[in-house]
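These are the structures, in structure tokens.
Two complexes are shown next, each including chain A; its partner changes from chain B in the first to chain C in the second.
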Partner chain A sequence: MVKTLLGRSWIWSWIAAAAAFGLIMLLTQGRGAEELAYAALSFGAFAAIVGLGQMMVITLGPGNVDLSIPATMTLAATLALKGMGSDPGTSLLGLAIAIGVGCGAGLANFALIYLLRLPPIIATLAASLIYQSLAIWSNRGLRIKPPADLADFATGRTIGIPNVALIALVLSVVVWIVLERSVFGRWLLGSGQNLRAARLAGIPTQLVRAVTYTSVAVLAAVAGYLLASFSGGASLNMGQEYLLSSIAVVVIGGTSIAGGNSNVPGIWGASLFLFLVVSMLNSYGLGAGVRMLLTGLIIIGIVIAASTRRGRA
Partner chain B sequence: MTLLTSPSASIVTLTNVEKHFGPVRALSGVSLSIGPGECVGLVGHNGAGKSTLVNLINGGLVPSAGEVSFPASGATRALEAGVRSVFQELSLCPNLTVAENLRISHDNLRGVGWRKRAHTEIAASLDSIFPGHGIDADTTVDRLTIAERQMVEIAIGFAPRGRDARLVILDEPTSSLDAGIAQQLLTHIRTFCAKGGAVVFISHMIGEIFQVASTIVVMKDGRIVASRPTAEFTRATLVDQMGHVAAETTDAVAQRRAPGEEVLHTGDGLVARKGEVVGLAGLAGHGQAEALAQLYLDRTSAWWGDKVPKVVFVAGDRGRDGILPLWSILRNATVSILSQTARHGLVDRAAEARVAAAWKTRIGIRTDDVRNLILSLSGGNQQKVLFARALASDAPIVIMDDPMRGVDIGTKQDVYAMIQSEAARGRTFLWYSTETEEVCQCDRVFVYRDGQISARLDGADITEDRILEASFQMQEAAA
Partner chain C sequence: MIRLFARHRILLPAVSLIVLLAATFYMQPRAMSYFGINLLFNLAIPIALATLAQMMIMMVNDIDLSLGAFISLVACITATVLHDQPVLGMAILAALILAYACLGALIHWLELPAIVVTLGMSFVWAGLALTILPSPGGSAPAWLRTVMTVKPPLFPMAVVAAVLIAGLSHVLVIRSGIGTVLRGVGGNAASVGRAGWPLLRLKALAYALAGVFGVLAGMALVGLTTSADANIALRYTLLSIAGVILGGGEFVGGRVSAVGAVIGALTLTLAASFLSFLRLSPDWQIGAQGAILILVLTARLIFTRRDRTQG
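Up next is the complex of A and B:
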């Protein structure tokens, strides 16, 4: 039992998250455990949502990555807040706008990749400059507050769990079902192993790629919409930290960077871990430089631990 | 088998050389000696052992038994003995210039001004072999045509490179050259031999062999079956010597079916009817695999999946075209039929397991559990999984790209029977094979040469001789 559990690559991100949690508790002598868990779930939820999308793209195989996630988050949040104009009862309208922006950004990304044959790194990076510019242009320095009911929902809790975490959980289950149980998931995992072989086996590989690039952008847009509602408005750099963390949670979570293999539970472990490790280093009173250095080293350590396990399995 | 040259003067001598790759005997008991002034025409089927022999001579392989020596020069290594090889698969670096490519095989070009010296040397070599070639030694190779690249490779092969070439091995040098350029090469070979050099000339163009070779060596199944002066051969006797792969071809032809309606007709003349087994024959690398892959890609879409695929593909190059390496046997076998059984877009896992279990028994995949990884299987068993993947679908057309590599005899017979019975039920098979025995089971055969169909054979016309005849260029190269 323990052996099969240790063989799962996602277990390492959970162990790491638990260890970081334990170390903080050691310092506070057990005080504030509930608050810490609550904060980790709230902030981890955003990383988990964008991580799910990034995981699907990375599963497509080497070279596939979406670097436009931060810009898509910002653009979706900005346009959604503008559309809602702080009026009560417009939450669903805002969500629809965000999803629409996500679809548009995803299709535009894939169009660049497919029609211009640009490497995804270049295509999504270039596209993100456009999305960011659009966000700046439409924002014009205004800070529009989200509707009060939406803000209350985003910062609220149900049965003790943050609402944003519940939404992220539902999205995770949906992504898990798609990847593990649906025909599309098989197509995606097959395309990520060997694109030519997948095509010759009858998999519509371009459709798979298009849908995947659209999905990641929609998930980013939803994350942006929730984050803006959660933090009381959209700002132009709100997505910035999710560029690295979307990729980091995928790698720490045990998804194969070479493609063809996804890992949903690992995304959650890694998202919680990323938040907790920063909290831990903060609570031990370390300076910013040391904190970043240690964060980097810890991430490398987790990835090595997870990958050597897999190698032996 | 030894040629009539005094052994002491020969450039290379092979004595009872054998070469095994594991249990596979690629070459058995080959003795050969090539002396100055000789041009040896080396002919034989794919897999007859020509490449192995060449690689033993040039030091690319070490013999399992026997000896390779270089008496004339007393050298121990092929390179020091002045042995050069020009291979069919172009081996130039495309990002470097013609002159820089010469440097790769010419260690002594060093110090200030080596580019200038390289330029002079390669230009002189090109001029002497292909007068009026029009190739600038300072252009990068990627800007040259395939024919020009081949010319550069040949020129590098004959270039002095600090030590004169004594024996140049040319593997299919003219396959990408037009007749005029090929003739220049043949003339150069004759001049080179007249000056005391030696050449091993491998070609499927019989006409060229007769024009240039002083001796013809015929290989079959890893042995030299004939080695005589060219004058003692005629075209007919030469093809005859190469032939005879299988005898039992008539049985399959007996049970002809009534032809159904045409289900496939391509621009280059490939025709298939419902319930037919159509063979693609010819020498390897003459466009059959490309034609089949293109046919598949044209008839399927990368943008939507059909519930029942219109056509399925059995890969021969498993690693590149077939296997999904991270998956289990089960997932590999069922990937093409997921849509057939899916409900609401979800995989029907029970149906999937049934199909995999049924095919494990039917085609005899050697594993105790189909949930094992595909890579846990041997190559032949992986190939069976690919067969199962294709045949488990209800696709009316099955394309097979030389799918029997690594499959043992028993399974082959089972698969042959399966193909015949599936064809009888109305499926159409397009079958590229390098094995004549397999091609002879087909209802119709298209022979490919240089990327085009060179002959169409029906029913009783499908004989080994007819296929061979169409595979080789029988015309005299235009003088």
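Up next is the complex of A and C:
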């Protein structure tokens, strides 16, 4: 039992998250455990949603990565909040706008990759510059408040769990079922393991890529919509930190960067860990610079630990 | 004509730059002067050096997502330690280059994915930068300021420097023996290893070269801006990748061009100025840079595809 559990690549991110949690509790002598867990679930939820998308893209194989996630988040959030105009009862309209933006951005990314044969890194990078401009142009940096009912929902809780975490959890279950139990999931993993073999086996590999790049953009758009509702409005740099953290949670979570293998539970462990490690360093009274430095070293340490473990197995 | 473009990959980036330059002069004839050109390309020198740093990494099939943070850190050190205690500053910068070499060796030795390790390093560099210079400030060493603002006869400093940098790095990467071997590592690491070359040291050397160019980029940047902050060069990560690709380089296979990389960096810099001359709303400036990137790469696709069909 323990052995099979330790064999799972996602377990390490959970152990790391638990260790960070324990270290904070050690310092506060057990006070504020509930608040900390609540905050970790709230903030971890956003990283988890974008991480799920990035994971699907990375599963497609080497060279596949979506750098347009922050710009898509910002654009979706800006347009959704503009569409809702702070009017009550427009939450679903806003969600529809966000999902529409996500579909558009994802299809545009894929069009660049497929039609122009651009490497995904360059295609999504160039596209993200355009999305960023669209977001600036559409709103001129004005901060529109989300409708009160939506803001209440995004910051609220149900049976003690933050609503945003519940949504992220539902999305994770959906992605897990799609990846592990559906034909599409098999196609995606197959394409990631060997694109040529997958194509020869009759898998519609371009369709798989198109759906994957659209999914990541839609997930980013939903994350942006939720984040803007959660934090009281969209801002132009709201997605910035999610470029690095979306890739970091995928790798820490145990998904192979070489593709063809994905890991949903690890995304959650890694998202919680990333938040907890920052709060841990925070509660030990370290400055912003040292905090970042240690975060970086911890990420590299986990990657090294994961690689040597693979080597022995 | 098309064959000519396909055979010489350097032609397309060069022509893109010339077209863009012609369009800029047409829009704003006053830019066609010593002073105007200097202003247009002033910030191109650090970007060109950053692009060359990225090229060294891409030459061995890796990618560096920490370059912008690294250059910011160098800028912070240059504006503080190097200004106050030149010897200590030099030692720290040398240590940073050594750190880059170790990073390359580590990535090769443990077979780590470079994209992730450099991602982690970007936090480390940014954290160090923030520790050294918590709020924007510092000042450039006087000699550096003099070097960056020198006014050579005939051509402005930016142009002279770009040509010099392109020439020297061309000799280093394309002409020299070690440069050829390094590109070979990107082409087929296994066969370079079989031929008896120490892959670990080669990889470390490629990263060390990237470190050298990164340090030069940071110093050049401070020489121009006279002060630094911890986020001064974060956008250089993406700019440098785009510059290498614009210049005809590729992500895998050791196919890079030093002259192309410099031209790519100049094109990216000019694109921003060109758009402001177009009286385009500033909202669209970033987006138009993306559009120009896509446009140039589309042109490249057309030529390479023709090449393939014509054999």
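Structure notes:
In the analysis below, the second predicted complex is superposed on the first by the 309 of 313 C-alpha atoms of A that agree within 3 Å, B and C clash if a C-alpha of one lies under 4 Å from a C-alpha of the other, contacts with A are read in each partner's own complex, and residues count from 1 in each chain.
The rule is short, and it goes like this: a contact is a pair of C-beta atoms (placed from the backbone, for glycine too) under 8 Å apart; a residue touches a chain by one contact, two chains touch by 3 or more.
All figures in this text were calculated on a predicted structure; none of them were measured in a lab.
Once both complexes are superposed on chain A, the partners chain B and chain C fit side by side without clashing.
By the touch criterion defined above, A:R117 reaches chain C but does not reach chain B.
In the superposed pair of complexes, A:V65 makes contact with chain C only, with no contact to chain B. Of the two partner chains placed around the shared chain by superposition, chain C is the only one that A:L297 touches, whereas chain B remains out of contact.
The partner that reaches more residues of chain A, of the two candidates chain B and chain C, is C. In the superposed pair of complexes, A:R199 makes contact with chain B only, with no contact to chain C.
In the superposition on chain A, A:R140 makes contact with chain C only, while chain B stays out of contact range.
By the touch criterion stated above, A:G289 is placed in contact with chain C alone, chain B being left untouched. Between chain B and chain C in the chain A overlay, the least Cα distance found is 5 Å. Taken in their complex, chain A has these residues touching chain C: 63, 65, 67, 112, 116-119, 121-122, 125-134, 136-137, 140, 244, 247-248, 251, 257-258, 287-297, 299-300, 303-304, 307-308. The part of chain A that touches chain B in the complex is made up of residues 177, 181-184, 186-187, 189-190, 193-194, 196-207, 256, 260-261.
Interface residues of chain C, counted against chain A in their complex, comprise 63, 65, 110-113, 115-117, 119-132, 134, 230, 238, 241-242, 245, 251-252, 281, 283-291, 293-294, 297-298, 301. Listing the residues of chain B that touch chain A in their complex gives 293, 296-297, 300-306, 309, 312-313, 315, 320-327, 331, 335-336, 338-339, 342, 345-347, 349, 389, 393.
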